[in-house]
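What follows is chain A paired twice: with chain B in the first complex and chain C in the second.
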Partner chain A sequence: MQSVKSWVARSAFRPVTLGLVLLLAGTGVGHAQLRLDVTEGVRDAVPIAVVPFGGQAGGGPNDVADIVAGDLRLSGRFAPLDRKDMVARPTSGSEIRFQDWRLLKSDYIVVGRVVTERGVTALAFELFNVQTGEPLLAETVPVPSLNMRAAAHRVADLVFERLTGIPGAFSTRIAYVSVEGTAPSRRYRLLVADADGFNPRAVTESNEPLMSPSWSPDGQELAYVSFETRTSAIYVQRLSTGERRRVSARAGINGAPAFAPDGRRLAVTLSRNGNLDIYILDLGTQALTRVTSDDAIDTEAAWSPDGKSIYFTSDRAGSAQVYRVDLNGAKVAERVTFTNSYNARPRVSPSGTDLAMVTLDRGDYRIAVMDLKSRTLRVLSDGQQDESPSFAPNGATIIYASQSRGSGDLALVSSDGRFQERLRSDSGDVRDPAWSPFPAR
Partner chain B sequence: MKFTHVLAVAFLALGLAACTKPKQTKPVDSPPAATTETGGASTSAVDETATAAQPLTAQQRALATLKSKNIVYFDYNSSEIPQQYLAVVSANAAYLVKYPTARLRLEGNTDERGSREYNIGLGERRAQTVRRALMAQGVADGQVTTVSYGEERPAVPGDDEAAYAQNRRVEFVYAQ
Partner chain C sequence: MPGFFREHLRPLAGSAGLHLLIVAALAVAAMRWTSPNPPAQLAIEGVVVDGRSLPDSQRAGRPKQRPEPQPEPAAAAPAPEPVPAPDERRKASEQAEQEAALRVKAREEEAKAELAHRQAEAAKAAEAQRKRQAERDAQSKAKADEAERREAAEADAKRKAQAAAAAAQDAKVKSDREADLRRRVAAEAAEEEGAAAAARSGAVDEYRSLLSQAIERSWIRPPAAKAGLECTLFVSQAPGGTVVDVKLGSCNGDQSVRESIVNAVYRASPLPPPRDPRAFERRLEIVFRPTE
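And now, the complex of A and B:
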């Protein structure tokens, strides 16, 4: 069961009609619908025309051009041409009259069609520079198991990469937690949706809190914290089968799991007599290695991409700040943040050059990015209660949770802060987002 | 072992478990400055049934007097027990000392500000502060356990200081 909902989003610069976002398939439970609102556009977004694909009926959730245009808009770097402004519907390069598209001020054009050869369905598409007529890309993307949306996201990935030099992250997923109801009957769900908010599926549900999802590096498993036994425990669950293992249920706190880049270890937070420290748990042997040993709260471990160091939150200096510990060295923690009185929940960019975190910015909790070389901190979000930043695997976008007036939404901001949008939840709060790695190819 | 609040414990003690599910509405006391918590309905329900059943034991009566003393509220980003809640700690300590088989679970909570896992740490720190205060008054180590929910289980919704003040708390939950 799927249904599509259209609406007009409010943009700071021009109204945009968005046909994205949806309800889940699968269980038939109408939970956690996400709706995309562009809240702050980019003035210099590149105009591009994504012409409706031939070989399929337009409209509906499988409209390829609609999905590709939605992805490109979601990146914040492109401004797709409105379909109703298109004067022609070419489906291959030879049919394009470039002067028409120059008049419409599109810099680039994507045309294509659904093709079936010897029983195999695929998307054949081409990308051109409208000014010069130069062909930039011509590819055929197979449609896996008739999953038209997955193939369309792949088209968007390739177009994005050709035009920006950055691999597109539209074929990825986001994990997040939704909460419906109020005390004492709350329902917590851990969900995984496509990166555009489409097709949310419940991974697990509980009447007790679920939190802190972390993706395995191969994108096959999620580690998370569940209070289902009325105390915290860490589980690792395989998404394809639903099979899960309880990997840490020690006395006290079991929290903040973070998969190591090797996929075989988890950084976790454990407590002894109320003192929280970070440990590394070997998932094969269950062996624990202690990383921090301070009287303060040490938690929220994040691995550097090379697996050699861990960034974490500690209030050892009196207030929460971000520290780094070299796992091969003397394990002496080095303080990383000095701007603002509260910095927490670090996440390292995929390139290892930047750190996203929550910072207390003049009384508001906001998402900031620090350049690790210059140590300069840039505040990216403008909410009052923003938290849980997570980088897209291409580093171009950060997803985070934003609470306002007692309700929680997810939000996206480009890593340069120029583009922001919200994924609003129509039912219940959504929070604790974690962006998946790239899918295996 | 099931953990329930004092109110639900009273139900069970009266042999009325069959009429009720353990998931009772939690009684939530308001901090001094705040207002509007319910729980009145379930309180009167207990009183009515209590009169119809056999008399309470001394321990059950002692436990019943603690139901208005089962939450300590904290200041922003603090795990120090405010002066006005020391009496709550003392009353519970006296009960636990007098009844060494009694088991208490301390549930630490925070307001929604700041990051989630850090708040788990802050909630744990609050619960541990209360636990140490109980032990300083003679409560045995094995009688008290702690859990921290951080900001995951707010007592009241809302993003103003009145809501935050009611959410920064340690709840005393007796086991049956």
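And now, the complex of A and C:
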């Protein structure tokens, strides 16, 4: 418009000028008057109001709005409005006075209620943009066998996906090992809990160490290492039945199992020839394929999502670093990490574009993420003894164990490092977390 | 229908009572009208009525020409003669007869007048009754008409209001356009006259950076908004800086990015005013172009 205006100003024939102005004014055609650029933003969490659901008493572990708000907060992407600050409690879209929520500085609002139709209980909810009043989502989520928490996690999944474009991972689970008591009466338990740390239940227990749980791609099985026979062995256990089979109990070390994306093979670490190397074990045929054969220690295998390569830790260069081997090629390991003197325990992001690992960052072991394209490493956590990173199946969050004063806790960090949070856990010293894949729907 | 009766029970009952009353009154009046031998009855009454016993007010209503009865002709007569002459006696009796006849006539006339008076009164009452009834009928009709009229008037008023609102809207649009046009023309003129100098002096640049900063503070930048993103918003602001409309132009970001930038502008509302009022622009074109 600026240029049009100056042209207009220069125009000698005034009636034409006036005519053009009239035309512009009359038709609304024309460009904005003032052009400006916005090149920065803030990295805050997006404020959202999750109003207590109608049809249920507030509070308690089944408070739907509380669960949804908790999930959104744990994602690090959202800042749920404190319930105390809510001036109204609408339970459906027609009851929302948007100006109220604008004053409360909420950008989005979730309202809903527990409904029962023909004996089936469900959560009916709606999501709105507070600034524009635009309805964004309206869905009814069934409550499976009265598991209100599961249904609430599903609501959070849908809200998260609508607002971020990323599927929510709140309906997933985490596996981890807890250690209670002191030697010689230590008690090891392999636990599976909801992604928010609730509902932990034991998959197996032992007086000898349990470690390195790995999820099957369908989320139905866990592979893990148990020393229950005093020597290490790898087991695969079906969660629904508890039925398990020992898949590797070879002489020496049997460790670090990792399910291949096809679910039929395991990458494992064995010390068959007196040296730790990576092998692929076919679960159907028990056939072993050797992947590495270096004299150094090679361990902690992680599959790329396409199943074509394996990342692993090796000290072949004198200190632990991450390497990658192409399974279809010459099987020559390529060093991936160079930034710090110690990089270990790689895990590939679900998109295959990033690698999470433990790095020695100025004297502290911390969780870092490397962009595989640019090879830049970014430290995400700020502990002293952080270990065992594992990506959420949506890639947005990483769970890890953080040791302090001899005891481990579970912690979350968003994969961009913006947000960190400890996960509630009441089961002693916790280590080796592994995030499940998405549940089958 | 039952609802109508329930709602209007009181007025209906009142109206029914009133009608009953009127009918009763009319019946009484009619009975009086049609009663047999009213003149005789009235004549008898008339006989009973003594003019002197009537209050003055009523007497005053009597015909003026009524011959004054001779109360005591005998007493009024001159002293009796010792031997009245036969003529005189005849004369006297004649006179007495005449006087009696006169009295009867007077009484008859009185009765007639009374009758006429009463008839007039009754007629008057009936007329009044009729009038009242007519008035009441007229009133209830008027009420019904009024209700109808009010409804019609309301509907009319509503139509008119809508029309007026539409007209006002049109007028507003028109006046907005006119104002816009005037502003443009004025701006053009001002530009020629030296507002360009203000622009050159940096007022517009300053305003631009004020706006950018306000929106940057309000933009919660999602992780998906990376370098290379370029999204244009067309924003209209009211003179006080209140954002009234945001339209997304071209944008290579995903939905979360699009929503974040639209919300950023609404969150920044009201936008800061320029230090130099001449630098104010209602329409803004904002390009979101983050640098990593």
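Criterion: the second predicted complex is superposed on the first by the 393 of 441 C-alpha atoms of A that agree within 3 Å, B and C clash if a C-alpha of one lies under 4 Å from a C-alpha of the other, contacts with A are read in each partner's own complex, and residues count from 1 in each chain.
Everything that follows uses one rule, which is that a residue touches a chain if its C-beta (ideal position, glycine included) is under 8 Å from a C-beta of that chain, and two chains touch if they have at least 3 such contacts.
None of the values given here were measured: they were computed from a predicted structure.
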item	value
First, second, both or neither for A:Arg345, with chain B first and chain C second	first
First, second, both or neither for A:Val379, with chain B first and chain C second	neither
Which superposed partner A:Pro209 touches (first chain B, second chain C, both, neither)	first
Chain B versus chain C as contact partner of A:Thr132, first or second or both or neither	second
First, second, both or neither for A:Gly252, with chain B first and chain C second	first
Partner chain in contact with A:Thr313 - chain B first, chain C second, else both or neither	first
First, second, both or neither for A:Asp44, with chain B first and chain C second	second
Common interface positions of chain A, toward chain B and toward chain C	none
Of chain B, residues touching chain A in the complex	3, 23-26, 77, 112-118, 120-122, 124-125, 127-128, 131, 146-149, 152-159, 163
In the complex, chain A residues that touch chain C	1, 5-6, 8-9, 17-18, 21-22, 24-26, 31-46, 77, 105, 107, 129, 131-132, 163-165, 416, 418
Parts of chain C lying in touch with chain A, wherever the complex brings them together	177, 180-181, 184-185, 187-188, 191-192, 204, 207-209, 211-212, 215-225, 234-235, 254-256, 259-264, 266-267, 281-291
Chain A residues within the chain B interface of the complex	182-186, 209, 211-212, 227, 230-232, 252-253, 255-256, 269, 271, 273-274, 276, 297, 299-300, 313, 315, 319-320, 342, 344-345, 358, 360, 365, 384-385, 387-388, 403-406, 431-432
